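Below: one structure in structure tokens.
Letters A, B, C and D mark the chains in the order given here, with residues in each chain numbered from 1 onward.
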Amino acid sequence: MTDTLRLTVLYFAWLRERAGIAEERVEVPAGVATVAALVTWLAARSPGHASAFADPGVVRCAVNQEFADPGSPLRSGDEVAFFPPVTGG
Amino acid sequence: MTDTLRLTVLYFAWLRERAGIAEERVEVPAGVATVAALVTWLAARSPGHASAFADPGVVRCAVNQEFADPGSPLRSGDEVAFFPPVTGG
Amino acid sequence: MARILVQTQDFDTGAELARMTAGRRDVGGIGCFVGTVRDTAAGRKIAALNLEHYPAMTERALARIVEAAERRWTLLDCTVIHRVGRLEPGANIVLVLAASAHRQAALEATAFLIDWLKTKAPFWKKEEFLAGGEAWVAARESDEAAAARW
Amino acid sequence: MARILVQTQDFDTGAELARMTAGRRDVGGIGCFVGTVRDTAAGRKIAALNLEHYPAMTERALARIVEAAERRWTLLDCTVIHRVGRLEPGANIVLVLAASAHRQAALEATAFLIDWLKTKAPFWKKEEFLAGGEAWVAARESDEAAAARW
């Protein structure tokens, strides 16, 4: 039984600037099994992280390069990216 | 008092082919004072003209390079063009 | 300001785009449509299209259409180039460009210009079939409907 | 079949059009949109846009958008090229091309592709102001509405 998830977390645009990091590898308790739970867990890591996630309503997420919801499940090995609403084109 | 109108009449696409002529100058009685009256007058000129105007519903018209209706008035000196619905682009 | 041309020779879309935007810094988007000759019409193979127009009227009609677009959208520039004469499959027929600060205006104006051009500019197409024979292209109700939605 | 590129270098719209239609005789119309950097945003003068993206995800997201277009319209080919990095006013940002046998499909697919790209592809823009300072561009509700209409 694995009781932790190993995740790669990426930050883009102003989330990257606020978190102060572009990419980190984290090991989270198995109970952190959804995107929403990961946000709560990450926000407690540093004042920068707290600032990045201060308004979860404007944070978007992708799991393994696919758009995900707060309720999307996480598995060990996932790449989880956080970013603001996209503004390309 | 002028009792005739001098008109330049142009034909395009299959109206030109059926009429057998691309452009003609005609002098019509003053009573031929609308596009519709001109069509009736022209259709009597030759079997080719009759064929060109056999179905007036599919004939479009411009007077002095502006789209016109059957009821549009004519004046001496006008350039009157007849053609099928346009198919450019 | 708009560039309106009726010509037998081909056009260079890249060069027209470059010409429209040269030195400009206020353009946010350019919509573009290029119409080309297909080799098939209603299941019959085409050798060529012959495009006829009413020279004294054509550029005026195109200018009216461009003016109508300029009344509906805030455009920075427009280009309409229509070829006439004999055009073989693969050849360019028509180019529409519309530049605006905003993409919706540019895209909508482009669609408007080609829809109106198809129903309000004095061009006529005759198809030359590969198997011989020829026929004038009939106006399509779907083109009338497309023009009427604006 | 679609050509999807994310790159720092400029693109050549004329060359992309030529590449798409080379040797083809089945194309009736090509819709095209070119997005460019404006020198003004919300009344402030812009020195440059900095475009960031999520490399592992971007081309996949663009491919999904193209697939969605191909499900909705009968397209012969598509091209989507998006630039990243620092882009000054007047520079090209994005190119969309959609070729079809029929103009409506080409034009609608072009508008669809740029609308969806604006809301479903992982790009972010930061404005560098001429007067100093910078700011991330906020997503616009009008872009969401444009994407939602399809």
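Everything that follows uses one rule, which is that contacts are C-beta pairs under 8 Å (C-beta built on N, C-alpha and C of every residue); 3 or more make two chains touch, one makes a residue touch a chain.
Because the structure is a prediction, the values reported are computed rather than measured.
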With centres defined as the mean of Cα atoms, the chain at greatest distance from subunit C is chain A
Per the C-alpha centroid definition, the whole-Å distance linking subunit B and subunit C comes out as 27
Expressed in whole Å, how far the mean CA point of subunit A lies from that of subunit B is 74
Averaging C-alpha coordinates per chain, one finds the centres of subunit A and subunit C separated by a number of Å equal to 49
Touching at least 2 other chains, the residues of subunit A are 89
The positions of subunit D in contact with two or more other chains are 35, 103, 114
Pairwise touch list, complete, is A-D, B-C, C-D
Given the complex, residues on subunit C that touch subunit B span 35, 51-54, 56-57, 60-61, 82, 93-94, 114, 117-126, 136-139, 143
In the complex, the residues of subunit B that touch subunit C are 10, 12-14, 62, 65-67, 79, 81, 83-89
In their shared complex, subunit C is touched by residues of subunit D numbered 12-15, 17, 21, 23-40, 89-90, 101, 103-104, 106-107, 110-111, 114, 142, 146
